[in-house]
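After this come two complexes, each holding chain A, first together with chain B and then together with chain C.
Let's turn to the complex of A and B:
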């Protein structure tokens, strides 16, 4: 079997597992995004109780390794299984890695994203907020008109980074949670293939390739959104429009 | 006749620092009142007390006979009725020193935002008025530009159009030309002069004595948080009574 064929076989074998990584990221990111907005506003709140609780949450989840958080969540869910999940008849759902995985990822990405949003929140121009208040806008209107668009624009590059980190972190899910049947993600499957022929280079390269390609797509989409957010900026501050193009220059 | 604006014994403290020490002031419909005074005299703070961007620690503010409801006097004083406050604010057009246009919205969107969102008016009607106002202040061709693409003078004129579009009972100007170089200042002052000539009610904080002479019906000189002298242009500039004001005008080069 030639090298190209071997690579092609691996690409095919890893296509289905890749869906699990995509599922873990796609299910946790939107929820984490929404919660992070609330948590960032909480940390920025003038109410000391709300602010401290939010800070404490963010600190706890940013301060400990995600790997450990996975173990913690799994142990907690396992301990609660005989007293809650089984009697309630939802053990099949609550104990599934397809639930616990996103749960841990949501808790984690919420903390990181909230910190990004909190930092961005503090850069919202005071004068623009004041103008909105002076025109009689309610707090919600001020948020929608001024706070949100400024905050999300400033936060976007850092948030893009968090999204890619989170996507890569999905490789940790099945290192900590039980693998059920053929529910295997890229890393799992690559390990399984490796254990058959000990070809580290081939299988993990193809696994890496999957992450590279999907990350590239993330950068592309997020870059398009960013270009749209920055359209009101002076030309010299605008980002280059992202391109999805493979264009090696053979002849110069 | 009910005064369109009434300030009664307004005090404002920031911690231990007392910026306003009891200011009482009235303006009738169509008046152009300019607040002058050196930096730190409290004139900007006084203007910001009118629409409660600063809450007076003591005293009362009434717009067109309606007093803004505030909690009992003290450092934590706050508006009691947010609905009333928003309604009153939506009738006061404010123009800031730093323009404070919403940077991510086009000029037209800036002008239309408050009429649509706060006053809930019809988009077609607001759009027509916004376009007219932009023409009026001389930037009709900039409707689809973003604030960062405009000069300071153009931005300030857009900010004036934004304030006008809510059909305000009173226009509040907080040093509208202080962030502009002299060339751009002229175009903004021209617009404000035009509004004064139309008979709009305006309260104007300015450092420009020449301009204050030109537009004012009433000039108020603030010193250390109190009204030191007030009157018509002729009274204040022509027959100055207080030494403080004479000194101030002398320093400003207009004695």
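Let's turn to the complex of A and C:
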């Protein structure tokens, strides 16, 4: 069997597992995005209790490894199984890796994204906020017309980085949660293939290729969104699209 | 009350727990040596990126793109396995017969089969951590090198220093001030990555937490405890938060020390 043929076989074998990585990322990102906006507003809040609590949450989840967080969530769910999930009859759902995985990822990405949004919130021009208030806008209107558009434009490149890192983090899911039947992600399948014929270079390279290609696709799509967000700016003053570059603050 | 205290004291100091406490050394060793290697790879990478020799520059770019586009777990597993197989292959050239090597089985013959111990896996883990975070360090150092005021380098040249002297006596020494915030970030990432050691069959704190927390039944004592894994993992969760807090303090002091004598805003 030629090398190209072997690579092609691997690409086919890893296509279905790749869907699991995409599922974990796609299911946790929108929820994390929404919660992160709330959490960032909470950290920026003038109420000291809300602000402290939000900061503490963000610090805790950014300051500890996601690997441990997965174990922690899974074991907590496991401990709650006999007292809550089983009596309620939802154990099949609550104990499924397809639920716990996104749960842990949401908790994690919320913290990272909130920190990005909080940084962006602080760059919203004070003058614009005052102008909006002077027009007699309600707080919701100020948020919708001034805070949000400013914040999301500043935060978008960093958020793109966070999305790719979250996608990479999905590789950890099945190292910590039980594998049920055919539900395997890229890393899991690659390890399984490796254990069959010990060809580490082939299987791990193809797995890496999958991550690389999907990462590039994320950058491309988010770059298009960014270009659309920035379409009001004159061409020469438009900032560069987010590219495959370093954002080490946002890794797990 | 007294009985409770005696139970906890005995429980938390039994042999398995002492082994658990001792396993913190793997995490600490991996963090320290991983960081040192990352610094070395980072300096090399930054030099490669600054190189006038194009292929070396491309190598630097490819290195950074690979590390950036591929999850660290994949690298962390791949490097030790690839290294093991490369050594086995080199070994098989001398110890295996030609017909065994022609076959498709791996390893070609039992004599070329290596079994790495914890120490060897720990060294390999340090090297993979060094490779992964070396790319981040290279980026930080590359930026810091460019942040050193040009005037200082020109002053060095005006004193008649050679290019190499300017590099070692002024450029690299002044660079640290600008690199420290970035290096602090990389260190925080690296600490978090040390939690992956158990993937390389090292019995580190994560592995022990799983072992100690599982429901514990002894024929003499009956059920000692049920599933306590959540408590052990929560302790590790808190442990890492405290390490992060402590590291931030240390880096704050280090920055203050490195910046002594400098104007406040620059």
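Criterion: the second predicted complex is superposed on the first by the 237 of 252 C-alpha atoms of A that agree within 3 Å, B and C clash if a C-alpha of one lies under 4 Å from a C-alpha of the other, contacts with A are read in each partner's own complex, and residues count from 1 in each chain.
Convention: a contact is a pair of C-beta atoms (placed from the backbone, for glycine too) under 8 Å apart; a residue touches a chain by one contact, two chains touch by 3 or more.
Every value quoted in this text rests on a predicted model; they were computed, and no experiment measured them.
Contact with neither chain B nor chain C is seen for A:160 once the two complexes are overlaid on the shared chain.
Shared-chain residue A:232: touches chain B; no touch with chain C. When the shared chain is aligned, chain B comes close enough to touch A:128, but chain C does not. Within the superposed three-chain model, A:146 lies in touch with chain B and out of touch with chain C [touch as defined at top].
In the superposed model, A:183 makes contact with neither chain B nor chain C. Number of chain A residues touched is higher for C, counting chain B against chain C.
By the touch criterion defined above, A:45 reaches neither chain B nor chain C.
Interface of chain A with chain C (complex): residues 59-60, 63-69, 71-72, 75-76, 78-79, 168-169, 171-172, 175, 187, 191, 194, 197-201, 204, 207-208, 211-212, 215-216, 244-246, 248-249, 251-252. Residues 51, 53, 82, 85-92, 94, 96, 98-106, 113-114, 117-118, 146-149, 166 of chain B are the ones touching chain A in the complex. Every residue of chain C that touches chain A in the complex is listed here, in rising order: 64-66, 68-74, 77-78, 81-82, 85, 104, 106-107, 136, 139-140, 182, 185-186, 188-189, 192-196, 199, 206, 209-210, 213, 227, 229-230, 232-234, 236-237, 240-241, 244-245. The touching residues of chain A, counted against chain B in their complex, run 125, 127-128, 130-138, 141, 145-146, 149-150, 153, 229, 231-234.
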